[in-house]
Amino acid sequence: MRNKETLIQDQEPELSVNLGGLIMNNPVAVASGTFGYGREYEDYVDISSIGAIIVKGTTLTPRPGNPGPRIVETPAGMLNSIGLENPGIDVFLNEHLPYLQEHRCTVIANIAGNTVEEYAELAARIEGHRGVGAIELNISCPNVKQGGLQFGTDPELVFQVVNAVKKNSTLPVIPKLSPNVTDIVSIARAAQAGGADALSMINTLMGMAVDIKNRKPLLGNIFGGLSGPAIKPVALRMIYQVYREVKLPILGGGGIMNLNDALEFMMVGASAVSVGTGIFVHPRLAVDIAEGLKEWMQQNNISQLSEIVGVATH
Amino acid sequence: MRNKETLIQDQEPELSVNLGGLIMNNPVAVASGTFGYGREYEDYVDISSIGAIIVKGTTLTPRPGNPGPRIVETPAGMLNSIGLENPGIDVFLNEHLPYLQEHRCTVIANIAGNTVEEYAELAARIEGHRGVGAIELNISCPNVKQGGLQFGTDPELVFQVVNAVKKNSTLPVIPKLSPNVTDIVSIARAAQAGGADALSMINTLMGMAVDIKNRKPLLGNIFGGLSGPAIKPVALRMIYQVYREVKLPILGGGGIMNLNDALEFMMVGASAVSVGTGIFVHPRLAVDIAEGLKEWMQQNNISQLSEIVGVATH
Amino acid sequence: MPFVEQGLVVRHNQVSRDMWELEFIAPAIAPEALPGQFVHIRSALGINPLLRRPLSLYDVDKKLGSITLLYKIVGTGTNLLTRIKTKEYVDVMGPLGKGFSLPPKGKRVVLIGGGVGIAPLVYLARVLSDRGYQVKVLHGVESRRQLVAFDKMRQIGVDFMPSTMDGSAGFKGLVTELLQKKINPSEVDYIYTCGPEIMMAAVADYARERAIEGELSMEEYMACGVGACLGCARKLKTDDESYVKICKDGPVFPLGAVELLG
Amino acid sequence: MPFVEQGLVVRHNQVSRDMWELEFIAPAIAPEALPGQFVHIRSALGINPLLRRPLSLYDVDKKLGSITLLYKIVGTGTNLLTRIKTKEYVDVMGPLGKGFSLPPKGKRVVLIGGGVGIAPLVYLARVLSDRGYQVKVLHGVESRRQLVAFDKMRQIGVDFMPSTMDGSAGFKGLVTELLQKKINPSEVDYIYTCGPEIMMAAVADYARERAIEGELSMEEYMACGVGACLGCARKLKTDDESYVKICKDGPVFPLGAVELLG
């Protein structure tokens, strides 16, 4: 929607961002678990033009995932309980990464472990593999050693995981924070203390749905992660809180469906954004938002994204 | 929607419930802050037929509330930052309560304090006033003594507040749990230890929205409470978790818009439910759901609500 | 007494690039409806949008029992509203709020509308004119095509003075300039206004300086529409502690009573 | 190659109490579309419902470049879908999934549909019939009014055998009873089926006992429709660790390959 009265700048606005060391051509990434390994969407969009592809969460050994149903739609959102189905880190590195590298994609690996050691080991395996630009740490997994408590809900564990991964990696490390916590700022601080280069937020809210006809939980796994527009207000609030207290770049997401949503995230402090659930509706969403953002910057005489990042927090 | 093949029972199904000592004629209440003091909706519905009217949160002294905008719509939800505007406990007891008593309403008072002592004092003031059937404790308020930390996020404070109120009251005491916590079960346990007669859950999720045109938070108070269908999956999950661990009756709510939603809540363990945001759309929602529930029970040969409460948790 | 009813849509047409008129039969609400009051309507079934939308009574036909709304397309709700077809039903709650009060007999009144703010002034003009008041209506818009109330105002028989920013009809410039330049304040006893707050603030200043009384109609985000949620709060100018509720204490207030934005 | 395109609706009509046919022009998708594949469509703009809905290719007219869907009203999505009018556009993604395979030339095939499960079998019947296979179609419904594919099947020219629970047309009883009682298994070389899982399970048992090969078309809740989200998982019978994805590995599978519910 071009406004005729708007002055169009001569210079092209600068869309590229440095996210804690990872250079993205534009600030719109696709979220882990929603874009597979890229090739699933190759027919719909030039995947190399996406800001960054965060691939499906990867574990040390293959995981079959949870019994179904694994997804269900909820008001303005969806629940998923995929259960981290994935072929394991070796298959990712040997079979999926080469494809993404060939297509010159900016790739963020997403790793998940049951113990601090597993995270460290995953980072070590990735180290040296060309084609991975950064590591996102999914810390919303139950920690088997601590009896299933999620890593992402305990500042001390967050510190340990980030720290262990940093020791084994030369890549930018981006912990992905769980929103299911009382105090998101203390988690973000722990991540920073552990050496995080940027923060990714937010992962899904834990929720459930009931099949009233059969009088039982709808998901095979009972609980699932809530994503989509429903969680946007919570995501914005947490990013706002963290941006003001922690000086790390933020990759923000949770319910982004269009350019305006992306702008909301940037204005509360996200240097870059990710789209997840929105992809299922519009496979081209990431690049469409990036293009829309460029046009919006031109119309609003903004040459650098830094002019709007966090502007609503002052 | 009556199914012709269904056997209709001879006996009327029993809709009344005992919620920790409070007898409700039917299990559908209206949530605090969404139904004023009842009279605001007297033109639309016979307010005496509502399961329970939970009145607007009341403090010791009058509060003007927050600057506007105070509300904004979000995907399948809304944010509010009313800021507990209310005329104070004395005006409630002397001006609003008599009206509700005259109309033979089942009334639950909702109280909020800045300190444990304020909660205790509020309960003492209510004590002996006929017409109040139970006390709901809004523990999502910042605790001024502890530097603004919310009562509802700290098990120790929850215990103290509930305990102090119980000492000053002969009424059923129903703490209303905040969902903005890592571990809802530990909060529920603390409430139980403090002597709670039932639990109300959930209050709103903390969120925000951005006015991208003016590049600032949309609400005058920046943050607000997210309510409506968007939060239903989170509410269901928390009730499910608490129902399995804590043996107290639960007043469940968060996004209920129709009978099916109410059934979902009962099946994960709510003995009674509350409708809040839904009232704004359908002023008669509470009684409509209660009537629908009766019909549904007849169609499904259910004579007691206990047959479905928690059925999806086994 | 207000009601929730299903209004049968008898007319629904676009009247300018971004404005529509919606007329529906509301046998319970229409007989009670006063100028300045509003209805709270569902622009679509389902949960998107979730809340009702407040819209002023643009016109009321008490014989037919119909209510007409004039609305501007702004976002999701008003966009979806355009989809409702004649013979379908629209879920309406009303009449809500406190309407305009009528000045003592014989007073000469001026109605000043900005853009879609003309909506509540048409029904008001009709009632004032029916009761024999001398009524002048000033309507400020961008361009003549937005003078959507022209026919109604002519039919009612009031003195209608448009202003357009592009000069395509009537006075060229702001409606407040029209007021200042073309209206003799000594012939004005009472002012009603509705429009952007910056415009209403200028009208209020004009009236205060000339000691003319009047009323304005305000807007604020609303959830319940009946004073229950305390969402639509605004500060009074006289009292810096408490808030009025636009839906219940208003939407009509004395000029200068409420703090305006901008 | 699959596409996302805006399909111009050329026909949209109710064909039974709860079933509708929707035909739209899809110049990119239609030429590629194979029997058994599906499209992923948005039943309304906005975020309610949020996700696309998977619907089988009921019929494809390659000359016209049109696709016809047959859908049953189930919940929000299919309810809202009925609102789309001719000359409007529908947002479609497809063709998706692996369709039916064709058996060796000369094989006698039987298609067994239950309820709206007839949808993918019409386009399949058309293609099989075009290629000269001898095709029998069994369709089980509650009552004759639900035999919505009757005209199409006659036009295609296949042997159509209905079964109704109330006996209002054809065989009285379940379609699996019709299969058992009226079909000579020695005249059946290949079976295709789509319908409730309990019905497909019975068909699969029937085929296994008689060593007849065949395929079925499955349904599962879907988000992406392209194998990216791993949401539409089902267990294989042969392998108790890993899951297939209905959207990408299916929706068509060999009879007996996948675990069925009920």
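By written order: A, B, C and D. Residues from 1 in each chain.
Methods note: a contact is a pair of C-beta atoms (placed from the backbone, for glycine too) under 8 Å apart; a residue touches a chain by one contact, two chains touch by 3 or more.
As the structure is a prediction and not an experimental result, all values here were calculated from the model.
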{"item": "Per Cα centroids, the chain farthest from chain A", "value": "C"}
{"item": "Chain-chain pair with the highest tally of contacting C-beta pairs", "value": "A-B"}
{"item": "Intercentroid distance (Cα basis), chain D paired with chain A, Å", "value": "36"}
{"item": "Separation of mean Cα positions, chain D and chain B [Å, integer]", "value": "46"}
{"item": "Centroid spacing, where centroids are CA-atom means, of chain C and chain D in whole angstrom", "value": "54"}
{"item": "Touching two or more other chains - residue numbers and ranges from chain D", "value": "47-48"}
{"item": "Per-residue multi-chain contacts in chain A, two or more chains", "value": "75-77, 228-229"}
{"item": "Touch-based graph of the chains, sorted into line, ring, star, complete or other", "value": "complete"}
{"item": "Residues on chain A engaged by chain D in the complex (per definition of touch)", "value": "33-36, 40-41, 43-44, 56, 64-73, 75-78, 80, 82, 85, 228-229, 257, 277, 279-284"}
{"item": "Chain B partner contacts - residues on chain A that touch it in the complex", "value": "74-77, 79, 153, 180-183, 205-212, 215-217, 222-224, 226, 228-234, 236-237, 240, 255, 260, 263-264, 267-268, 308, 311-312"}
{"item": "Sites on chain C touched by chain B in the complex", "value": "1-4, 42, 47-52, 93, 220-235, 241-243, 248"}
{"item": "Chain A-facing residues of chain C, complex", "value": "47-48"}
{"item": "Chain C contact footprint on chain D (complex, rising order)", "value": "46-48, 76, 80"}
